[in-house]
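First comes the structure, then the notes that go with it.
Chains: A, B, C, D and E, in written order; residue numbering restarts at 1 for each.
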Amino acid sequence: MSAGTADLLEARDLARSYTVRRGLLGRPTAVRAVDGISLRVARGETLGLVGESGCGKSTTARLVLGIEPPDTGSVIFDGNAMPPSGTAAWANLRRRMQMVYQDPLAALDRRLAVGVQIAEPLDIHRIGTAAEREERVAAVMAEVGLQPHHVARHPQSLSGGQRQRAVIARALVTNPDLLVCDEPISALDVSIQALVLNLLSDLQERLKMGMLFVSHDLRAVRQISQRVAVMYLGRIVEEGDPDAVLHEPAHPYTQALVSAIPHPGKTTSRVILQGDPPNPANRPTGCAFHPRCPVATATCRTETPELKPRRSDGRRVACHIAHGEAAAARAPALLETC
Amino acid sequence: MLHYLLSRLLRAAVSIIMVVTFVFVVLRMSGDPAMVIMGADAPPEAIDAFRKSWGLDQPLWVQYFSFFEAIFSGELGRSMRDGRDAMAVVLERVPSTLALTVPAFLVNLIVGVPAGVYAALHRNSLIDRCVMVMAVTGFAVPSFILAMLLVLILSVNLGWLPSAGQDSWLNAILPIATMGFGGAALLARFTRSAMLEVLGQPYIRTASAKGLPWSAVVWRHALQNAAIPTITIIGFMLGGLVAGAVVVESVFSWPGVGRLLVISVANRDLAIVQAIVLMIAITMVAANMIVDVLYGLVDPRMHGQARPARR
Amino acid sequence: MAFVEIRNLSVAFGRSPALRGINLAVERGEAVGLVGESGCGKSVTWLAALGLLPASATVRGSVLIDGTEILGAPKARLEPVRGGRIAMIFQDPAASLNPVHRIGRQIGEALGLHRGMTGQRAKAEVIRLLDQVGIPDAKNRINAYPHELSGGQNQRVMIAMALAGEPELLVADEPTTALDVTIQAQILDLLTTLRRDTGMALVLISHDLGVVSETCSRIAVMYAGRIVEEAPSGQIFTHPNHPYTRGLMGALPPLSGARRRLVAIPGSVPEAAHMPQGCAFAPRCNAATDRCAEVDPVPLPLTQDHSAACIHARPYHQAGHPSHHHAATTRERAMQ
Amino acid sequence: MARLRSLLERLNRMPILITIAVLWLVLMLAIAVSADLISPYRFTQMDLRNRLSLPVFMGGSWSHVLGTDELGRDVLSRLITSIRMSLLIAFGATIIGAVIGVTLGFVAAHFRGIVEQAVLALVDFSAAIPFLVLALAVLAFFGNSLVLFVCLLGFHAWERYARIARGLAISGRMHGYAAAVHQLGASPWRLYGRHILPNIASTLIVSMTLAFPEIILLESGLSFLGLGIQPPGTSLGNMVGFGREYLSSAPWIMLAPAFVITATALCVSLLGDWLRDRLDPTLS
Amino acid sequence: MPRFAAAQSADRPAVTVAVQRISTSNTLEMLTEQSNVGARIYTSYAETLLGNDWIGDMSLQPQLATGWKRLDDRTVDVDLREGVKFHNGDVMTAEDVAFSYGPDRMWGGGSVEVPDNVKAVARQALPAFERIEVLGPHKVRLHNASIDPVLEGRLSASIGMIVSKRAFLEAKSWMDWARQPVTTGPYSVAEYKPDSVLTLAAFDDHWEGRPPLRQIRFVETPETASRINLLRSGGADFACDIPPDQIATVEADKRFKVVGGPINNTRYTVFNKSHPVLANPLVRQALTHSVDRELIVESLWSGRTEVPRGLQWTFYGDFYIADHENPAYDPDKARALLRKAGYNGEPIPYRVLNDYYTAQTATAQINTENWRSIGLNIKLQMVENWGQISEGGPETRGIHDWSAAASLPDPYVQMSGSWGPAGSPWRNNQWRNEEFGNLSKELGSSTDRARRIAVWRRMLQIIEIEDPAYVVLHRNASFTAKRADIKWVPSQSFVMDFRRHNWSA
């Protein structure tokens, strides 16, 4: 945190559950999608958010943007608490915070041409004249690698990657202060990925844009973020410098994750996680990861580890073993670095 | 669940009170029932006496409150015309109305929905055009013209079916056909439009890619997603089941609720009108509940909107 | 004969061509990777093959399964193929799942269709499939609706649904974009195992070169509606021959070392309706010559199983290095 | 200029049936606008010695092209005046009903909770009130004014729009695009007007094209009960209603207006369906 | 025996009659069913002491009374027919007759609660009725409180249908009775579904012998076209209330015939003298002079009815003023009258019910056109019920339609009852005329026939010419379509006579 200025975004202790009912008469059960997350994003900084599928990343993204109200916890944007969704203050904030959706097809209105949809934030926040808007849209589209003739296309007649770029363009068109990207590049080929990642870093530098970058692509995360947080079952289990986290993962889950990164042209050995995948409707006691953890001990089964800086190098991690509070049950699997 | 039911019942009560009040005010303030029922030649004393005996000489609000008082004691009042218990009069008519409306409703469903689906699947084909022209014509031809034409052809000229009355089930065929035609047309058009809306969705492609035969894709996947407008219309149809159809009942001299309503409104026979309106309101409310449950069934996203579980 | 053979497949939407003559063969049990520029026609290829494109598309060419033409085949011939012989995993899982049906039902449907399973048996199988793709709490999740699942979970439902029909060929269109690497690894393992055990062929469409190289034995690179390079996966990374393929390799963000600015291929794909006369990649190619703007290159065999559609591509010896001289003969051949 | 050209181009692409429909509607509008100029007689002008005279195509004279009615009035002149009246009523009421219904439906869908309950209570209320009673109310309390009459008929179908709009809007809001637009900071106006409305427009268009003939017929029913357009005024429904006794003896009195009703409804529907299909970019 | 009866009844036809309305009040008791509508049905199941020769000249005929003798101006002795049975098998006695005219049924104050409006109706029909005295098992004496020139005639009024005392007292309430009366007519009420169907079954113990029909069904068929179609498709043998324009349509099929014609009911249009414009008799005279009756009869009625000489009937005998003239159709004279009256375009409302009377709307439109053509600003208002016709202040009530019927050969009952000081227009301040009022009283109390005729002539002059209260349009006509092979004669009223003397097929 730079001295004097508050963080752009600060989330404290966010939690969110969904009720699901099985059948008409089924008993409602709570699914804890996010279970106590705190994070900060400074101006000009990118926080990468990685983690297992279904661990609550998209939900976190929605919560920090105030699209959904958290059950508990609070979001502070630019020093002020997030106004309730739907209010004028909330709506005004939107020009400063934007989101790139995970599923672009669903996030686009199939009745409107993409050009119109990209221009929409400008229309909504009455930015510029009609001509300026048109110009701006053309510029953004070019920046994300869309061609001028795509302006009049409807979402369903675009390819997956083109749609994704349309969503990115829409999010960038207002030059937001905060950008939350939920899998922004998953459908892009590497060349366009490069284009988009370069674009994002440029904007970040130029506009001091803060970014929450949710992705499964650890290369991209490393490329773009200053810090990375690893989530597991609704909580952050490790946070730190991307290189450090990716090369010397402290948490056993991170270790498994890093080992699974595929490398073009090589076939590598990796840690395949054993045991059942985690179920947010039925959270294990103690450390949520312990049923699948190769090094879990008795403590892990009963005591929930806290996310705190490790004494050795100050890495924030939530693991009894990493903190040396418990001895590993077995020697950790050999992790090769690359 | 309980909360849902309670709010539903509260709303139903509010609507019903509004309906009853409205009908009361309208009927009371648009023509003197004494005059209407006794006729133009009745001596003024008779009219005064009539007014007095039905409490029509009281101020409106007194009448209103005593009317509600009576309702809460389960007494809907008596017909001003012949002194019969209003509910009994209405209930006596309901079966004969249902004898027309229920089959007509089924005809609507059985003909209308498939016709709409079919037309959607063959968009712009000759068949689509024919179905839709039929549907529009069926809807735009005044029902008494349709009824009269059916009667002229099938009863008067061919002598196959009776033209009016209520002597056997044969009498019901023509009125049901008349009513069925218009309603089916309505459903067909809504269904077609909603189907077209859905057929371009990616999940329809998924279903096809699974290898489902096209008919199964349509019936199992598309129809349910397209169902909301159709269900809404079906809800209105369900709600209208007890109200009958004025024109058709008149043309076929079918003594149903619709005609009773017209006669009773014309006579300002409040108790009967209220009894009918109450029945209609209750069916409407019931139909709405059914519709809401159906909404939830066809589109799980409409159910409760994944309300957060607050701890 | 190849199990599936696509010959000269071309697709146009109105006046703009999306595919400009695709030739691709997939053998039984083979895993083919399909990579390429976003919007180059990877998805359309397979949608066209299975007859799933909207009516506005004009499709030409031929798609043979075991020698039987399925392009433009009547529904009765096409339906058993879809899902049963060729299953497809779509790119946008959330939109591609029916929002009003429970996921268990959607998967069960495929089981009923292609494996005649119903009732409890089908349910047990659905749970097994969901377990297999790593959906937690499968027993309860079969009752979930797509909107109650996360992006990655929906994607896995799509995968389970495609596997339900035990297809002979699985076309997976970016099946792991929403999955974290551990689950991705698990899914890829699963696909590989299935391939080994059942002889299922796999076409993997992906942008993740790592994923493709790990899973597939052969890789086809597409650009602007054509296959521009095709090679065994080892060779394509060691001997990328088409300049586009080389560009792709170069754009990959590194996982270690100093962070440098990424190198994207400059320029953009030409508009489909206004394809340049010569090589479609020429305007963006740093090795382009005048000739490139005139000649529309056809695939040239470089080695026995490596071909590239570039007039500058040169044959090489598998062990050796490609020479840096232009072979006139190659150029001439390309011109025919 | 370019716009004009593209318009012409579009017209060129219109199927023949649609062209006919458009032409018919234009004709009707022209008749409505110039009714006073083109009608050969005053529509109330009676010629009792020349009652029920045959139309030309049944062998009548050219002085009354469509024959005369039971009071010897020129059917053509009455038809022309009726077209004006009925078009006014039908278009006016259809639009009023749609606007009120859709607005309230959206309001219900947007606010949910107590507002939704209130709107739904109103819907139930209005659906349960026999239209007859409603008509009675308006006419008894406000007199027989045309404006009120149009509003009244507009109220007829509002609850259908309201329910459909609410149902579809709730379902639409669950879609990702609505959430996305909401998060862009769009006002409810924009969300409902620009995104949800076009997405549910096709159903609403169908509903409106259905409401059109319905309203004409409803007016006929009301006229018949003495609550609609009153003699000596005339409307298509009114002509059909009063002419129906003559279905077998002098069919031209009512068949001409019945034909106009049906044909206009047909054209409106064809046009509506076509428009609906055009507005739907997923079709093509 | 039952078998024989069955065989017997099987050889008699059953007929179905399609009617627009069965009973306005939904009752079969004539004390509550006061409209023209009820007249059609009641003679088939109920009988009065004196009857009318409906299909003849309307003259009084013995019915349940075999003879009557006037003792003085206020008393009549009546001999009752013997061997008359009620539908419940009881034999009719003087007790039943006295009861039928007694407090329990009509006047109240007896053991049964009588609705007040019934009392009022009874009082209007029998204004000075005192009591009926039982003189013997088959002899009664009627006492009237005042002199009544038409006392016997009143015994033929429909409200005086003779009912079974036992059955009446056994009924749960007056209204229950009114829906199921037990009477003496040739047919008994087998089933009555209000607004739908009334089935009458032959009453074989009727004093005239077995009635000619096994069963009569009146089915309510509100639509004209439906009635005709019902007839044409064989669903009915009679279709009532056929508008004149449809006669040709029906008769185009040789199997059917339309019978009927003018009846003893006259259509007229009445004025509200308290309306500021109509207060001026000149304006009203102008109105009367611009009604083209002949044209209406000619066009709307195809000439099948006639224009009476004012509100009087030929069966009035020497009360019929043969030289009385209706105001002639003379637009110029009407315009002149208007000028004289200083009328300048004030609106005059004309309230019309939608075809309550046959061709009412058409007639009203013709009148309106005629009135407008002389410069009157007539505002045609279609209203929905009688209540709305009399609503509002005097300036909102101008003109409306009415009809009048007479069944006794004396103008007093009809004219004084409708327009005299006891009539509703007088009491509603719609039309009053002092001289007319006094004459009306004299007409009712005098026994000097010549004087009464003179009084009557003057009354007509006042109410139709000098200070017009109304303008007579034409006689009403009633047309009934029937199977051509049925020999059946319509009456000069709404009554349908299905007795044995009027049936053969």
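Side notes on the structure shown:
As a convention for this text, a contact is a pair of C-beta atoms (placed from the backbone, for glycine too) under 8 Å apart; a residue touches a chain by one contact, two chains touch by 3 or more.
These numbers come from a predicted model, not from an experiment.
Hopping across touching chains, the smallest step count from subunit B to subunit C is 1.
Closest chain to the protein centre (all Cα atoms averaged), using per-chain Cα means: B.
Centre-to-centre, using mean CA coordinates, subunit A is 90 Å away from subunit E.
Per-chain CA centroids place subunit B at a distance of 39 Å from subunit E.
We define each chain's centre as the mean of its Cα atoms; on that basis subunit D and subunit E are separated by 45 Å. Along subunit A, residues 18, 20, 103, 105-106, 156 each make contact with two or more other chains. In subunit C, 54, 92, 94-95, 99, 147-148 are the positions where the chain touches two or more neighbouring chains simultaneously. Touching two or more other chains at once are residues 30-31, 144, 148, 152, 200-202, 266, 299, 301, 306 of subunit B.
Interface of subunit B with subunit C (complex): residues 200-203, 205-214, 220-221, 224-225, 298-301, 306. Within the complex, the subunit B residues that touch subunit E are 30-50, 52-53, 79, 81-84, 89, 144, 148, 151-152, 155-156, 159, 162-166, 250-253, 255, 259-260, 263, 266-268.
If you check the complex, the residues on subunit E that touch subunit B are 18, 24-27, 34-35, 115-121, 123-124, 173, 175-176, 178-179, 193-197, 219-223, 225-226, 229-230, 232-235, 384-391, 402, 418, 422, 424, 427-428. By the touch criterion stated above, subunit B contacts subunit D in their complex at residues 7, 10-12, 14-16, 18-19, 22-23, 25-27, 29-31, 123-124, 129, 132-133, 136-137, 139-145, 148, 152, 186, 189-190, 192-194, 196-197, 199-201, 228-229, 231-233, 235-236, 239, 243, 246-247, 261-262, 265-266, 273, 276-277, 280-281, 284-285, 288, 291, 295, 299, 301-302, 305.
Residue ranges on subunit C touching subunit B, taken from their complex, read 47, 50, 52, 54, 75, 79-84, 87-88, 90, 92, 95-101, 109-110, 113-114, 145, 147-148, 158, 161, 165.
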